[in-house]
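What follows are several structures.
The two complexes that follow have chain A in common; it is paired with chain B in the first and with chain C in the second.
What follows is the complex of A and B.
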């Protein structure tokens, strides 16, 4: 099965790659929340421009990002098809406000997804995990994120093995009871295999001195550059809402 | 479809989603021991991968939600596990949203806890005979509640979403049936093959 890891482009060199992971996560996350909280189309568009600028600075290939964006667009598409039309007393009427609203949703959702790439696509997954721990995210959650992330790729392969062996015995997926029950048992088998594997892996880890604490070679230190970058991105986040405020005042 | 993207729900709803999630997480994480973490993560990853599997439904296809199964196998730990799965889904696979992580966890995780309660109560007397039927009920109920939550949230956000809520709810009817059959099958399979995988199996009279 084909899959692409988010940190595939961690090796590139850019100002965002060289930014302290903690400052990077906090700043860009603030920008994401700021954009999602906007309710004017013009300001949301400005937010999208900020997102694209950060993406371009990070040098992550656009093609890679586009490939990931398709899910978001697929999810939002029904809103475009349904929201502009309102049913009034049996008649279908076109409602331009609904269209504008759908457009606003699309812009905000795309901006949020684009910003994920400069945020965590510009460092190794291990650095992200370490940064989360430094940001006082509970250790149990950080550990679960690391383990689960690693196992997802193992199980995608494992399930495609199970799936292939089903196919080779002539199994075809159709809309019937047999298909659901067979896939159910295949999933059950995946669980049993993974459960047994986790016991072996955990014992092996304990025997190598695993205590639950993360040990990486990453050293985090906030330099002047890190603060400047944080100031700029936080400025974008706060600026969007200041603009909204000014805009609102002028209306009165 | 239970994963809602950024920018749709009103801030009041997604912020309360975070509040509820943080409260339940604080409660369940305290019960979790360090030695549980590898086992729970592995099952979380397995549920994550299993929910990517597609099943043909007439001309289109549906995929499993498996939050009922998460409840049946993980018990109260289903909540932190579902939280982790949703975090990974939104950050690493861009499925769902970031501001909606809290509310998505509520929509998926609370039904999982209810599913666990149903399975636990139903199979208390005879888990070998009843795992299939109560697994099915737990699986079906979990998806039904998830869809109900989502529809209520959409409608409270704005009247414009009424049509969408109706379409989403009706599109999930076949998924509820599929999910019920699959969860029942898997629960019965576990009781036969590896009962200790079920959180509810501990302390059950055999």
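What follows is the complex of A and C.
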């Protein structure tokens, strides 16, 4: 079974791969928030450039990123239809300013998603989980992330088993009630299976002394390089808003 | 010898009221390896979950080294009794093999060095050294199974509870796992194994309990496998070797100590041939056909059902 995995390229060597996971998450997450909070097309474009630079440094193949980006674009496209009508000045009119807003949303979304790749695509998923734990993210949330990641593959397998068993008994997906009803039942079955599995996993955890907290070990250590990289990316994040501020002052 | 596990009159009903276990009693002594066999739905897994207090029904019916299981000593009990579950995907839930094997020891509050030492030892024991950084979902089924053994071994339990350890394994993985179980028993672990794999039972267990909601038979492995009628009545069978010797008996080969495994069969036949002056004697006598057809009858009983004739 082939899975599409976010950490598929964790084995590459790049300055971003060699960055301390905690510093990487904090810095890039700051940059993501910084870009998302911009209200200026030019600055957002600059944010996109930063994102692409980080992506290029990380050496993650563009094809891999594009493949994932298509969903984002698909999700944003309707805004180009909605936004021109949404900027209302009295009557319903087509407002060209709306396109600008739609563009802004698109650029910010693409930048944010691109930045996800250098952030969590450059290390093993377990490093991400450990870094989150070390960053004092509530343990319950870290556990939810770990379990989601671990069992998503089991569910993919289980669903493809169900799907194959339907296919081998002559089931064909059409647009009719029978198809919907059958798939509904199959998905329902998956829920039942997950529920039962969660009980068994919980039993297995209790058997090994689980008391509600998940602890792991790591070998994280912040070196001078890690701080330098953090300084640069944080600088990008703060810089974008400084520029915005200067721009705004000039306007006055 | 100390009693490692002592169960007296354990009763359990599923939440929907179905009776799962009825008056189950069992004594397992320190250092023993015992098999628990029974048909599908006999309550084997349910029974095993009582051994470390995951299921708590009945009042002090289960004692571990003489101690009843309470909420107060539940962690102590779980340190002593390690359960390896049937589906390794239920047992391996951490992002890496290391984290998974370390999960138990960390919960015991051990220091980093001790945890690392235990992970190393446990992975060595199951032959998975070097797998520390692998993700469980990338392992083969056999590797997952061995990894789930390691997750329990790292807690250094005195009692190992194994639920269908050999199910779904290819022959090589199966025999490796059987060897691991034997080694663990030699190391002094008390082991209780629930299994359908009757061919493996003589290798891994000295005594057998037969469970079908209640204990229907118990004894040494040989005693239990000699009681063919009982086993077949509850949809079980005997190891292939035993069946072969059943056939040999129809041809007039008489024996006292029924061999249960290939090793035993080899030494048994060697001995017989040597004492009979270089050969064994098989012949067709007046009862051979009658006996053979009786032996086959039961076997056919299976196949007829299968082919629907």
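Of note:
To be clear about the criterion, the second predicted complex is superposed on the first by the 210 of 252 C-alpha atoms of A that agree within 3 Å, B and C clash if a C-alpha of one lies under 4 Å from a C-alpha of the other, contacts with A are read in each partner's own complex, and residues count from 1 in each chain.
In this section, a contact is a pair of C-beta atoms (placed from the backbone, for glycine too) under 8 Å apart; a residue touches a chain by one contact, two chains touch by 3 or more.
Fair warning: this is a prediction, and the values are worked out from it, not measured in the lab.
In the superposition on chain A, A:200 makes contact with chain C only, while chain B stays out of contact range. Of the two partner chains placed by superposition, A:62 touches none, neither chain B nor chain C. Between chain B and chain C, more residues of chain A are touched by B. Once the two complexes are laid over each other on the shared chain, residue contacts for A:126 go to chain C alone; chain B is not touched.
Contacts of A:147 after superposition on the shared chain: both chain B and chain C are touched. By the document's definition of touching, neither partner reaches A:41: not chain B, not chain C.
In the superposition on chain A, contact is made by A:209 with chain C only, not with chain B. The contact surfaces that chain B and chain C form on chain A in the two complexes overlap at residues 147, 149-151, 154, 197, 201, 205.
The part of chain A that touches chain C in the complex is made up of residues 3, 124-126, 129, 146-147, 149-151, 153-154, 197, 200-201, 203-211, 214-217.
The touching residues of chain A, when paired with chain B in their complex, are 5-6, 29, 32-33, 36-37, 68-69, 71-72, 75-76, 78-79, 82-83, 85-87, 98, 101, 104-105, 107-109, 112-113, 116, 120, 138, 140-141, 143-145, 147-152, 154-156, 158-159, 173-175, 177, 179-181, 183-185, 187-188, 190-192, 194-195, 197-199, 201-202, 205, 212.
Within the complex formed with chain A, the chain C residues making contact are 49, 52, 54, 75, 78-79, 82-83, 85, 87, 89-96, 99, 102-104, 106-108, 112, 115-116, 133, 135-137, 151-152, 155.
Considering their complex, residues 1, 3, 5-8, 11, 25, 29, 32, 34-35, 37-46, 48-50, 52-58, 64, 66, 73, 80-81, 83-85, 87-88, 91-95, 97-99, 160-161, 163-164, 167, 178, 181-186, 189-190, 193-194, 197 of chain B touch chain A.
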